[in-house]
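Two complexes, one shared chain (chain A), two partners (chain B, chain C).
Moving on, here comes the complex of A and B:
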C-alpha cells in the first residue's frame, strides 16, 4: 500500500456571497503520483488545489494532509508538506539574489546554516542554476525565473509539489526541461500535481488526470481515458494534442482502433495496424 | 510569394544593439511583408521576436535607447522620421501580459483612452467602442472593471483598445500565453477574422506551432537576432532540421510524417502541416493490415 498524502472527504467550498466553487469532491492522492488537474478558468480547479496546502479551508467536508485535518492547521505548517509554485514567478520571488531566494525557505524552517547551505546547493544542482546564483531573480529570463520559483520550494523538501501552469510563457527548449524536472521530482519520491492547460504535458508526462467542470469533479482517471473521451474534452473546452486528434479522426473512420497520445504511440499504432498501400 | 505591390513593412539591413550590449539583438534583417498577410514570428525566448516587433511602431529607435543601423519602412515611411504617436495610427500592438496595458476603471473607458488621445469626437467614440467590443465579443461587459475580467477577456480588451485606433497593421506578442485553451482559440479567431474580413495585416509571435500552421500564411523564424527562415508555413515547417537547430519544433503531424516517411520509404516530398492534410495523406498512403 502506497502512502496516502492528501485526502479530500466530501470537500465543498463556498465563497462569501454564496458562490459554490467546489462541490462534494472526494479523492486520495498518494506518494509518487504525477497528476494533472484540468478544467477551464472558473471550473474550480484552483480553489480545489488551494485546499491541498491549506491556503483555503473547507466550508463543508474535510481535507486531510498526512493524517491531519487542515482545518486547525496554519499554512506555514502545511507548506512543509505541500509546496505551491505560482504560475507567475513575479508573485513569488522577492530576494536580491537567486541564492538568497533559495535560502529563505529552509532558514525559515529553522534549519542549521549547514543544512540550509546543503539544501541550496542541491537545488542549484538539480535546477542547473549555478551560473545565476549571484544574479537578481528579476534580471534573469522569465523561464529561468520560473525554475528559481520551483527551486525555492524544492529547498523546503515538501512531499507534494503543486505546479501552477509550469510551462506557460516557455519556449520549446525550456518546456522540455520542465518536463524532465517534473519526472525527476517524482523519481526522487515526491508527488507532483500540475494545474495545466499544456496538452502535451498532460498527454505525455502526467499519469492521472483530475478534471473539474462547474465546481464538480467530473473525471479522475488516466490521461488516455480522458483524451479518448471526445464529449468530456469538448465539454471542458479542451483540445487534444494534434497527434491525438489525428488518431481520433482515423479511428472514427475505422482505419485504426486505438488512440495515440504521442508521436511515438502513433508510430506504434501505424506499425501494428497499417501497411503501405501497394497500389498507390 | 509573388508580389508586384510595395510592401507594407520593409526592413533593410537592420541591425540593433541595446545599450551596453555587445551582441546585436537584431542582425542584418531584411524582410518584406505585404498588406493582408497573416505573419507568424517563431523563435526561442530571447531570440529577438519582441525587439523586431518594437521596430514596427518606431518604439525602436525613437523611444528605446540603443543603436539602430539600416532602415524600417512602414507604408513607405521611414520610422526614424516619424514619431511613435504617428506610427501608432498605422500599427496597433498587444503584448503578452494585458495587465500592464490596462489602466482604466471600466471596459468602455479603457477602449476610449486611445481615441481621446487621437481627438475623436464623443459621438464617433461611442460608435467605435460599440463596434470593437462586438468584434472581440465583450459587448456585454462594457461597464465591468478591466481587473474583474478573466485573462482571456483582458487580452481581448487589450485587442479591442488597439483596434479602436483602426490600425492597418496589428501586432501581437505571444497574446495567448496566459489564457486557457478557450481564451486562446478566441484570440486567434479574432485575429483571423480581422485578417480575412478587414484585410488587416497581422503579425503574431507565438510558440504553439500547430496554431501557426493552421492560421498563418507567412512564417519567419528568428534565432539569435537573425532571420533563419522566411517563407510559407509549408516551406518553413518542412525544414525540420533547421528548426531543430533553432530549438523549435514542427507541428506534431509534420514530425510524425517525417519519421514514417523515412522508415517506410513513402517518398512524400511535402510533409503535411495541418490536421486535415495529415488525415487525407494517411488514408491515401496506407491500408489496413
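Moving on, here comes the complex of A and C:
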C-alpha cells in the first residue's frame, strides 16, 4: 500500500581518490516517513543522502527514485521529486527579496506564473515569512535565512525533503519551529529525511533512524531501539539525549522499567512507577 | 564538477625531484623561462622539452601532470595552426601549401612550431616545479632570501583561497541544481556567483578579524614551523642550473646561426599534416569540453 519513493540497491560509492564513502547500502524509503540519518562526521551519511537526489551517482549498485534509476538522470530533473536543503543557507540564497528567492525553484520547473505565485504564497504562509517577504535574504537573521532555504525547496513540492542539519546554529525558539514544520511537512504527505546531530530532533520528531558507521549502514530501525542500544550508540561515538541516558541509569538501578526518549515520556514512566509503588 | 577543476597542486611523493629544495627548482624553472623566450631554435627548445618530460617521469607525477596537460596541450598546440596561416614574422613570407581557404607559410610553420615548443617547455618545468614542491616550503625558502613577510602571506593566502573557492563554487552549484537550476547559460550566472562572492567577502572579513586578534603585523623576527635545509646537493643543482642557463644564454646571443627560420625547410606534405593535426587536436578538445559542460 505504501508507495516506495527511494530504493538503494547494494549502493556503494568510491570517491576518485579511492576512498570508500558508502559501502553496500540497501534501503527503501516510503512516502510519509520521517527519517533521521546519524553517524559521526565522515561516516558517509552526507554521501549517502547526496545519492537521493542524484548529486552523486553510485559507483556500484543502484539508486531508484520513483521507479527510475538515477544513473542517467540529471539533478535538475530529480529536483522535482527530491528536494535537498543544504546545511548553509548562504550557499543557496542569491535573490534580492525573499519572494524572488522562493520563485526561483518553481520557475525552473517551468510552471505557469499563477502557479508560481500560488506556491510562493503557500510557502510564505507555511513558514510564516509574511513580515520578511520583501527583505533581502542576506539581511534577515541566520535562523530565518535557514527557513527561507527550506521554503525555497518547499515551493518545488518535492515528494521527499532532505534536510541537512536543519537545526544547527539556531536558538531554541526556531529549533522548536523547525520541529513543528518537519511534522507538518509529513502531515502533508511528504517524506522527510534529516541528517542531524541534534539528538532531541532525532528522539522526539523522527520515527525511523538510519545509523552509519565507517561507510556502512549499521542500523535501520526506530529511534527507541537505537537509543536504548548502548553498545550501538557508543560504537558510533554518539550520545543519546540526556533524558534517555538518565532513564538508562535509573533502569540499571531498577527505579524504572523502561527507557524514555523525551521529558514527557519520562514523566509518564515515573508516574506509572509511583502508582505501582503506592498501590503496593 | 571535480573534472572541471584544474588539479594544479602538489602531488605528494618521495622522488629525487621532490627531495630537491624549492630554490634550486625555482631557479631551474626561471632559467628555462628565460631561455625559451630568448631563442627560436627548435633544437634547444626541443631539448628542454625532453629534459622536462624526463624530470616529470622521474618525479612520479604522471597522472596529475597528464590531467593538466590534457587541458593545456590543445590550447598550446593551436599556435601551430594560427601561426602557419598568419605568422608573427617579418615579411616576406614564403607560401608552401594551400589548405582550403588558408595559405600555409614556411615561416609560419617555423614560428608556430617554436612558439608551441616555447610554451610547452615552460609549462612542463613550471608544472614539475609546482607539483613537487610543498607551498609552505617554497614560502619559507623565499622568506629566507629576503621576501617580505606580508607579500609572502598574501601569496600563501591567495594560493589557499583558490581551492577553497573552487570547493565553495561546487557546493553552490549543487545547491542550485537541487533547486532545478539549468547548469548552463546566462540564467545560471547570478544564482551560482552571488553566493560564492558573498561567501568570499564574508570569509575575508572574518579572516581580517582573526588576523588582528592573533597580532598580525607585529614586529620582530618570525619563525616557521617548517624548515628547509639546503644540502650540498641542492647547492650543486643550483650552481649547475645557473651555469647551464648562463652558458646557453651566452651561446644564443653569440651564435647567430642558431636562428634557423630561413634555413630550415618544411615539405608541403609535412606542413599540411602538422597544421591539420594541430587543428584537429584543438577542435576535439573544444568538442569534448563543451559536451562535458552541457552534460552537467
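By definition in this document, the second predicted complex is superposed on the first by the 273 of 280 C-alpha atoms of A that agree within 3 Å, B and C clash if a C-alpha of one lies under 4 Å from a C-alpha of the other, contacts with A are read in each partner's own complex, and residues count from 1 in each chain.
Just so we're on the same page, a contact is a pair of C-beta atoms (placed from the backbone, for glycine too) under 8 Å apart; a residue touches a chain by one contact, two chains touch by 3 or more.
Please read these numbers as outputs of a predicted model, since none were measured by experiment.
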Request  = Name the chain, either chain B or chain C, that contacts more residues of chain A.
outcome  = B
Message = By the touch definition at the top of the document, which applies to A:80: first (chain B), second (chain C), both, or neither?
response = second
Request  = Could you look at A:168 and tell me whether it touches chain B, chain C, both or neither (first, second, both, neither)?
outcome  = first
Ask   = Of the two partner chains, chain B (first) and chain C (second), which one does A:108 touch, if any: first, second, both, or neither?
value = second
Message = With both complexes overlaid on chain A, does A:91 touch chain B (first), chain C (second), both or neither?
response = second
Request  = State whether A:242 touches chain B only (first), chain C only (second), both chains, or neither.
outcome  = first
Ask   = Between chain B (first) and chain C (second), which does A:195 come into contact with in this model arrangement: first, second, both, or neither?
value = neither
Task = For A:270, select first, second, both or neither according to whether it touches chain B, chain C, the two together, or no partner.
result = first
Residues on chain A lying within both footprints (that of chain B and that of chain C) = none
Task = Name, in rising order, each residue of chain A that touches chain C in their complex.
result = 16, 50, 53, 55, 74-76, 79-80, 83-84, 86, 90-94, 104-105, 108-109, 138, 152-153, 156
Inquiry  = Under the stated contact criterion, what part of chain C meets chain A in this complex?
reply    = 2, 168, 171-172, 174-183, 190-191, 193-195, 198-199, 202
Request  = Show which residues of chain A lie in contact with chain B when the two form their complex.
outcome  = 40-42, 141-143, 168-174, 197, 199, 237-239, 241-243, 245-246, 249-250, 253, 255, 263, 266-267, 270, 272-278, 280
Complex interface listing, chain B residues touching chain A = 43-46, 96, 150-152, 174, 177-183, 185, 207, 210, 247-249, 251-253, 255-256, 259-260, 263-264, 266, 275, 278-279, 282-289
